[in-house]
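Dropping a structure here in structure tokens format, bear with me for questions.
Just so it is clear, A, B and C label the chains in written order, and each chain counts residues from 1 on its own.
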Amino acid sequence: MDFNLSKEHLLLQEMYRSFAENEVKPLAEEVDEEERFPVETVKKMAKNGMMGIPFPKEYGGQGGDVLGYAMCVEELSKVCGTTGVIVSAHTSLCGAPIYENGTEAQKQKYLIPLAKGEKLGAFGLTEPGAGTDASGQQTKAVLEGDHYVLNGSKIFITNAGYADIFIIFAMTDKSKGTRGISAFIVERDFPGFSVGKHEKKMGIKGSSTCELIMENCIVPKENLLGAEGRGFGIAMKTLDGGRIGIAAQALGLGEGAVEEAVKYTKERTQFGRRISQFQNTQFQLADMHTQMEAAKLLVYKAACKKEAKQPYTMDAAMAKLFAADAAMAVTTKAVQLFGGYGYTREYPVERMMRDAKITEIYEGTSEVQRMVISANLGVN
Amino acid sequence: MSKNVYVYAEQRDGVFQKVAYELIGKAKELAADLGQEVVAVALGDKVTNTARELFNYGADQVIVVDHPTLSEYLTEPYTKAMYAIIKAKDPEVVLFGASAIGRDLAPRVSARVHTGLTADCTKLEIDEETKGLMMTRPAFGGNIMATIICPDYRPQMATVRPGVMKALEKDTSKMGEVEVFDAGLNESDVNLKIREVVKETKKVADITEAKILVSGGRGIGGSEGFAPLKELADVLGGEISSSRACVDAGWIVRDHQVGQTGKTVRPDVYIACGISGAIQHAAGMEDSELIIAINKNNTAPIFDIADVGIVGDVNAIVPKLTEALKKIKG
Amino acid sequence: MKNILVCVKQVPDTTEVKLDPKTGTLIRDGVPSIINPDDKAGIEIALQLKEKTGAKVTVLSMGPMQADVAMREALAMGCDDAVLLSGREFAGSDTWATSSAIAAAIKNLPYDLIIAGRQAIDGDTAQVGPQIAEHLGIPHISYVAGVDVEGDTLIVKRDFEDRYHIIEAKTPLLLTALGETTEPRYMTVGGIYDAYREKEVKVWAYEDVKDNVDPANLGLKGSPTRVKKSFTKPVKAAGTLYEDISADEAVEKIISKLQEKYII
């Protein structure tokens, strides 16, 4: 069991860090203050191959592995939670389901531009009445000749305002319950499709989180993803992979907060000495670092198991559960260590704390993760 | 036997550069220690007459290669000329200014001659025992100093940064005969074609690259407070920078901001004017080589990290400092 | 133009080096190794020329085996081949010996254009590039801020402090690049995977170049210059605070300090 990163992963880490420091960090404050989706960063990331890391070159990807992808989300999130989730949602929730379930024609048409970063992806499962209970899909899809007609709405969809390609879930046969749900690849300019209200959020403010409205939306028959009725299974499998991305985002947020806290406490003087010299501070930092190290091992393991095509559902759930809770705790402690300054927007830790909260909620709340883990333990 | 300390007297557009005079000044000391003479070498087109002024600055001999191929600096004709002189005269030492010209010419010449070259020397001395040249220079990004010697090859060659050595006072009574040297140059030595020469003034500064920063804080009073700081910076060949307070107040643009939320700088000299030195600022400049601080308030934290701290009025001190420096620099 | 060689050096990031306040020596442990910034600009120029002309770019370095990482980084940026010259015979070289060794390696490779960085941040001499050109007997242009191609002619912008030249040059030619004028591209993610999975770094030893160079010109023995001594600058002592002095006296104190530190 080698816990060291391979040479290629070390070089990837260096590249991600350099990119994050130089291109992402300088914009992070503005992206948050102005709730601005960083379009220019997405273009740069596409150029450097960061929008299609785990997909094969023949589909426009970088031919990389899940760990390399998770590390990218981690390093980006260290400096900007918004930028991290843009990559995660695009890759795990849109690119991946097409790669894992799409026909060759669908991969050619949609995966290639997504992997190249020429188009941005999103995932539409959540509805006003279907959050943790995702099975309660109200959006309907009716087959009429050579196309489906979709009606319904989705909320809290990440990347929505800027995405070109959406994976939309809809009920094709209500009588079959979850086995009556199907998945569709929907393009932004399909007739009847529109992006609605943009949510004002506590954190990841630059992330475009919107409502999607389908009013007699026409979706060609060829855009059915997987077989009819297989949609729920596709959604669940997709979320397994997505959880690795969000766990990586939480990991990055927590690590970023620890770094900032270590730096600050070494500079800040009170009572005639650096506050890092007080044992209370040292012990807090020790705990924070240990929590994030533990989270890292869970995230990396889940990534490696997925790469090795081993069952990884439980690992992904544990990683997301632990990393999200750890990020929330660590970022909150970081604000405390900064004192009054940490509460102001002049320093990044309060943003990291606001960004961390969502990692305990989306792509399956921490409660859902516990359901998944206990199910895998065989105790449900 | 190799003999004499030669100085490549750099000229641009027929005007000798300050570094040439500075090197002649230093060469005089070295030559005295060796019991030898200083020979200034001028390469250019129609520079024979002007080269006579090199005697005024202390050269005992002046050699000139005067040829049209030398009108604008180009590596090959200049190298060929220097090489010819070195081969003919067998110097003990040859010094070049470490300019964009010297740092191109000296390496090429040293390789053609097959001898040692030491770059960017900040100190030159003759070893009492060996009579060899000891060349001291910064290395490792300036973190260490190294003293280099070239025991077995001649000439011993070194480049020296402008502004490090001191020129002698110009003495028009010192005069001599310029030796015009034929280096065998011809048109075929011009192996590259200069399509265009564009002269330009300095571009907009990047404070992280500046070696000298004159920085203003709240204590300078207003945007007009930067004018005397800019004058001081210009005299020192540096740039101006600022604390966050001035940027927030709109007195200067963000590009100049030093500090935790601005840029981190590590210049050779940081002159803090009217800056309190709170941690947000100090974090961005505390690794500067030399920190000079001027502030009215003797409890200002900047004094904890300053090498020279002056409790005083920036408005009174800075202009006087600028005047004094102008006199020294001549 | 068919072949471009880029000479690079792996160096410690000297901006990260700190002085141990107790011993007065440099702390070299934990200092990251990077591709020398001027050399990285050289890689960028080479890759831009590759995009314009379809030339093959080979990166060449002389260094210890750790320099493999730097070679992979260059490959990940887009270089096609990598050669690392490594061996004890080359240790202790000054710039004459270094340039002799590198020139010897270059003689084994096809080239139209050679690009090096202007200077390395550890040696800071700016000598190796021009000296390689002299050993090879080809023209060189240093302080290069930009390169363009017009047919079989290179158009080179050569910087000085107070001017710049636009120079027309033909190959073979060696250029030294300025780090501050060219922003190097990032490695691509796919490039990094390929650098380790698809490509190899050829390692050459003294044996591979010995026919191209007189061994008397290599290593410590072949170096005309040597280090007599090296020392760190004295650790910063506490500063001096002057109160109740006149403006003129203050000016005197400042000037005397500036002179002491060779600033003026």
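The rule we apply is simple: contacts are C-beta pairs under 8 Å (C-beta built on N, C-alpha and C of every residue); 3 or more make two chains touch, one makes a residue touch a chain.
Bear in mind that the values here come from a model prediction, so they are computed numbers and not experimental data.
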| item | value |
| --- | --- |
| Winner on C-beta contact pairs when B-C is weighed against A-C | B-C |
| Innermost chain, where centres are averages of C-alpha coordinates | C |
| Chain separated most widely from chain C, comparing mean CA positions | A |
| Distance from chain B to chain A - Cα centre to Cα centre, in angstrom | 54 |
| Distance between chain centroids, defined by C-alpha means - chain B, chain C (Å) | 22 |
| Computed distance of Cα centres, chain C from chain A, in Å | 41 |
| Chain A residues within the chain B interface of the complex | 267-269, 346 |
| Contact footprint of chain B on chain C as seen in their complex | 12, 14-15, 17, 19, 26, 94-96, 99, 121-131, 133-135, 139-143, 155, 159-169, 180, 223-233, 236, 239-245, 247-248, 250-251, 253-255, 257-258, 261-264 |
| Residues of chain B defined as touching chain C within the complex | 12, 72-73, 75-76, 99-101, 103-104, 106-108, 110-112, 114-120, 122, 134, 137-153, 163-164, 191-200, 206, 209, 212, 236, 266, 268-269, 271, 289-292, 294, 298, 303, 305-313, 316-317, 320-321, 324-325, 328-329 |
| Partner chain A, residues of chain B touching it in the complex | 261, 279, 283 |
| Chain A residues touching chain C - in the complex, by the definition given at the top | 6-8, 11-12, 14-15, 18-19, 47-50, 53, 57, 61-64, 68, 72 |
